[in-house]
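Please find the structures below.
You will see two complexes here that share chain A, one where it goes with chain B and one where it goes with chain C.
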Partner chain A sequence: MKTGRRRLPLAWLGAVPFFLYALLFLFIPAASIIAGAFKDAKGHRTLSNIHQVFQSQYIDAFRTSIEISVVTALLGGAVGLAIAYAALREGTPRWIRSGMTTFSGVAANFGGIPLAFAFIATLGSVGIATQFIDNVFGVNIYNSPVNFAIWSKTGVEITYLYFQMPLMILVIAPAIDGLRREWREAASNLGASSWQYWRHVGLPILMPSILGAMILLFGNSFAAYATAYGLTSGAIPLVPIVIGNFYTGDVLSNPHLAQALAFGMFVVLGAMMLLYVPLQRRASRWSR
Partner chain B sequence: MRRKRIAPAAVIWLLVGAAYFFIPLIATLLFSLRKTSTGHCCSLAAYGYIVHDPQFWSTLRLSFQLALETIAISLVLFVPTVYWVHLRLPRLRPVLAFLALIPFVVPPIVLVVGLLDFYKGSPQWYYGSPYGFLATAYVILAFPYMFFSLDAGFRAIDVHTLTEASQSLGASWWTTMFRVILPNIRVAALGGAFLTLAIVMGEFTMASLAAFHTFPTFIQYVNETKAYPAAAVSLMSFGITWLAMLALLMVGRGRPGRVQIAGGH
Partner chain C sequence: MEDYEAQEQEFWAKLEESEFSRSSMLRRSAAAALGLTILGGAPSLAAAARRAGAAAPPLKGTAANMAALVAAAKKEGHLNVIALPPDWANYGEIISTFSKKYGIGITSDNPDGSSAQENQAIVSLKGDPRAPDVVDVGPSFAVSGTVQGLYGKYFNSNFATIPRAMKDTRGYWTGDYWGAISIGYNASLISTPPKSFADLLKPEYKNKVALNGSPLTSNSAVSGVFAAALANGGSLSNVAPGIDWFAKCKSVGNFIPVQTTPQTVASGQTPISIDWDYNNFAYVKEFPSAKWTVTIPSDGVYGGYYCQAINATAPHPNAARLWEEFLYSDQGQILFLKGYAHPARFTDMNGRKVIPKALINALPSGALYSKVKFASLGQITAAKATINTQWPAKMGA
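Showing the complex of A and B:
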């Protein structure tokens, strides 16, 4: 026998509008991608879209996308970490810290078409930096031996770093701030050198935060469409660009193939998320 | 003890960061000031070309209206939900925090494919209108930013005491919400609103795939046709991001830092 009366869980009703919205505009559309990826043009179940994704051109798109994402996550992560530490470490004036946060907030949110154009104006074939290097050093980076092009993979990577580095700075700054001065003092009292402090105390504590941040960076780059589109007018074979070409191009083709590609992105990003959640939990252990 | 001086290595890294940030902007500025006829400095013709293009004003207006609509729907939907979760359903908070990570797994390029497929054949006032289709999708994009901002705001106030005090003085739920809760989380709500503004004003992926003509698609159109005006309009777009971020900074002065998450590029 129950002693107390259970209250009707009416409180749950308060969350219904939100979940209804998420269901209608997030979960059902996401589910329809998964369902659509396994359908043919007549609506029958099939694996042919998935098979096709594993065909050379589409799997190449995944390879290129992942490669660019890994490069910009590692490079943007490393440089972002160095800049964040430079701004937050002892001895750096306070105003630099707040300045860095502001600029990073702007740069991390400045992406897409305008960013692509900013880099075309800088490193495009008649860009300011390209002409400057040509005038001063007599080297046209668009010719041999450099053979650079802003619409190439390297060009896309250089451009992505513009929002990857500041995102790293914003995500990692609280973790660097969380390194307590006492730990450093304790280490040096015990005779540790600066290198030993970082090797045995600083980096091990920061590592989950660094890895978690780099996963965010990976996803940020992997999902980017507008910047790559602006740089290359849709000519570079990245997964988002290939998906976009199904909708914006003149080629009217199997929409289920686009869904299969989207499903593939979903799988890659979902795997990243599975890595991210435990890392974040681990990172929050040291937070105050 | 003497104050430590700034380390040389720190100076170098900060300079690298500053150079990466400013050089593309300076290049864009120089580009935008070139004369169309000669390609040399200096002329404001590129800016004149942009502001005399009626498309500029109409797409800018559309994007701004979409931003306001997205902010309005987001606030109406998320403020009561986050409030209620903090007040009565604390067990649901981790669920919401987890849901706020979902847009990472379902980025704009994936979400728009799903929406276009699922809502194909829905009424024209929804599917064919940016105020319907795009706005509802943008609310999903804004959700993580809004949630983390509002969650921090609600955590900083004593929701239970405020609500009980208000109700024991005879206030209705409505009064409690508008006269007690909202003024206390105003900063958090404004912060989320400015972030949403920046996102919607720059969102290209969904607008392009769904074939709507918003401000970013106008920039791309100029980008493909005219080089110097493209630099001018890119710089204007950057200015909008700046303004939104400065506004965010102004309202959030002296408060703990907001949570930053990956955006749509």
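Showing the complex of A and C:
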């Protein structure tokens, strides 16, 4: 046993750049938003901004944002999981696996205005796909009975799925790799059907990762601004767009109200984390 | 004595006061630049010190100090402009003519930006050499920009000939051109031409009617709401019927929340556009394949002007003032006319017979504009307040 003075763990020095970065670009901005949410135009402490957030137009924005985020997280998560498993299980050729991972890496980060314009060019009112369906099937999806519009909630959800599914694939791939082939073989040796394997072995093992990935997808969709704005020009109420209106618009000269809305977003995401913790604990029951 | 002249003399007397506050503002902006850039403080501080040490730009443009202004502007060597689409009132030609005439390079940022974004750029880019030197904003944004202290004072040499109603007598902003809200449509996609706001509610225009932006951020969209209000029983003091008209247009499925840009006109994504006449007339020549046609709506004719203002903390203050001199010279105003916009000094120039006959004939006939109504600043401010509360509620965001 070493005696004398304990040496400082120098390994911590390597993490200093990361902590500095997180401090400057994550904690300090977040703290200033939270502080600003409780100030009024003259800098005094007030709860009036929080009170104003509960007006119906902002509650509508939160409701729509949460709805779109939940739908794209669940749908994107489920489809992403299925695609990831299909691409990554043992029977599949290697080139599919590497091709899928590369494509997902690109697609998960392809968002914002370019994505919005790509979808407008495809599914917009004079988009390529719209015209193709019109010419070949004689159905204009922008008219009744379909009444589709790329700037509606459905259009935004479809566009978000474009980056949600690849993100799910990327995030769940290591977990699927962790599913050992031996467990599948053991289960079928004991007489389990495919459905029973998944219900009793596969999904319980994957569940903590799936839940974590879906929370990530929720947050990703909740905070998306440029994509939504590019598609809708603000036609459907979403929290990031409402906040954006305060800064690029002439709405109210009250940036503190925008900060209060951002604080509301922190609260929603915090609530999702709170939901996640007991779910995660329940899902990891088997490993304790 | 002219009212504005009396005010002008009053402000000449306050020149010392304003000099004092301007240099202290420069010092404050240098301090802000230092605080904002943790690592890059040194270069921007040096630049600010250089600016504070250089001669202050003139307050008034006269024949006497013009040569000095041109020399100072050429020394600065560059001009930053913002939100000037090249086909908006012929700004493309204006920018290239100015650049060639004085040898001053121009950076044209964010051409599809809104008036609100222009004011916001002045705030966010304060102390940055990329900040816009001059802005061209709607009148309500000019007023709020003045209140926020974003603009510097300047009386260009032709200030006296600009109509009283189109300028700020303290010199913070000046109206440069005006137009009327019109309906432009793609004649190859639209079989029945719409002639009024009432027409635009018909079912054959489903998913076809667009505005130039959102009335929460864009001055041309606010003016579209004014025009709709005039057409539907509202008035310059009451724009709620205009908002209701747009809500109705959206509920019958005709209104699309896509901002009209030259690209959407060319692609056919916005077959009908409610926008300024000079923009719609520019599209006629620019996109012959779209067979763009323009009408002034028969039930509501609303006119509006845009305002030139100089950034109080402009990185190139002399070039900014030279730009204003150019825009308000006969040459600059005729260039606006070439873009189908009515220049601010139209009456004065017409009286002196300096406008080429061909240009006067190219403008749409005066009869169409006989019913045009302009809103006062008070009415515009009140209308924006109404729009800010009612538009999100009735139209989504």
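In this text, the second predicted complex is superposed on the first by the 244 of 288 C-alpha atoms of A that agree within 3 Å, B and C clash if a C-alpha of one lies under 4 Å from a C-alpha of the other, contacts with A are read in each partner's own complex, and residues count from 1 in each chain.
Please note the rule applied: a residue touches a chain if its C-beta (ideal position, glycine included) is under 8 Å from a C-beta of that chain, and two chains touch if they have at least 3 such contacts.
This one's a predicted model, so the numbers in the text were calculated from it and none came from an experiment.
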| item | value |
| --- | --- |
| Chain B versus chain C as contact partner of A:N245, first or second or both or neither | second |
| A:A73 touches, of chain B and chain C: first, second, both or neither? | neither |
| Partner chain(s) touched by A:S125 [first = chain B, second = chain C, both, neither] | second |
| Partner chain(s) touched by A:A107 [first = chain B, second = chain C, both, neither] | first |
| Chain A residues touched - chain C or chain B, whichever exceeds | B |
| Partner chain(s) touched by A:Y142 [first = chain B, second = chain C, both, neither] | second |
| Which superposed partner A:S233 touches (first chain B, second chain C, both, neither) | both |
| Partner chain(s) touched by A:I83 [first = chain B, second = chain C, both, neither] | first |
| Chain B versus chain C as contact partner of A:A260, first or second or both or neither | neither |
| Shared chain A surface residues [contacts with chain B and with chain C] | 233, 247-248 |
| Of all residues in chain A, those that touch chain C in their complex | 56-57, 61, 120, 124-126, 142-143, 147, 149, 151, 232-238, 241-242, 245, 247-253 |
| For the chain C and chain A complex, residues of the former touching the latter | 114-117, 119-120, 140-141, 144, 148, 206-207, 213-214, 216-217, 253, 256-259, 267-269, 384, 388, 392-393, 395-397 |
| Touching residues (chain side chain A, partner chain B) in the complex | 11-12, 14-15, 17-18, 21-22, 24-26, 28-33, 36, 79, 82-83, 85-87, 89-93, 96, 100-103, 105-119, 121-122, 127-129, 160-163, 165-167, 169-171, 173-174, 216-217, 219-227, 229-230, 233, 240, 243-244, 247-248, 255, 258-259, 262, 265-266, 269-270, 272-273, 276-277 |
| Residues on chain B engaged by chain A in the complex (per definition of touch) | 3-7, 9-14, 16-18, 20-21, 23-28, 30-31, 77-78, 80-81, 84-85, 88-89, 92, 99, 101-111, 113-119, 136-137, 139-140, 143, 195, 198-199, 202-205, 208-209, 211, 216, 219-220, 223-224, 230-231, 233-235, 237-238, 241-242, 244-246, 248-249, 257, 260-265 |
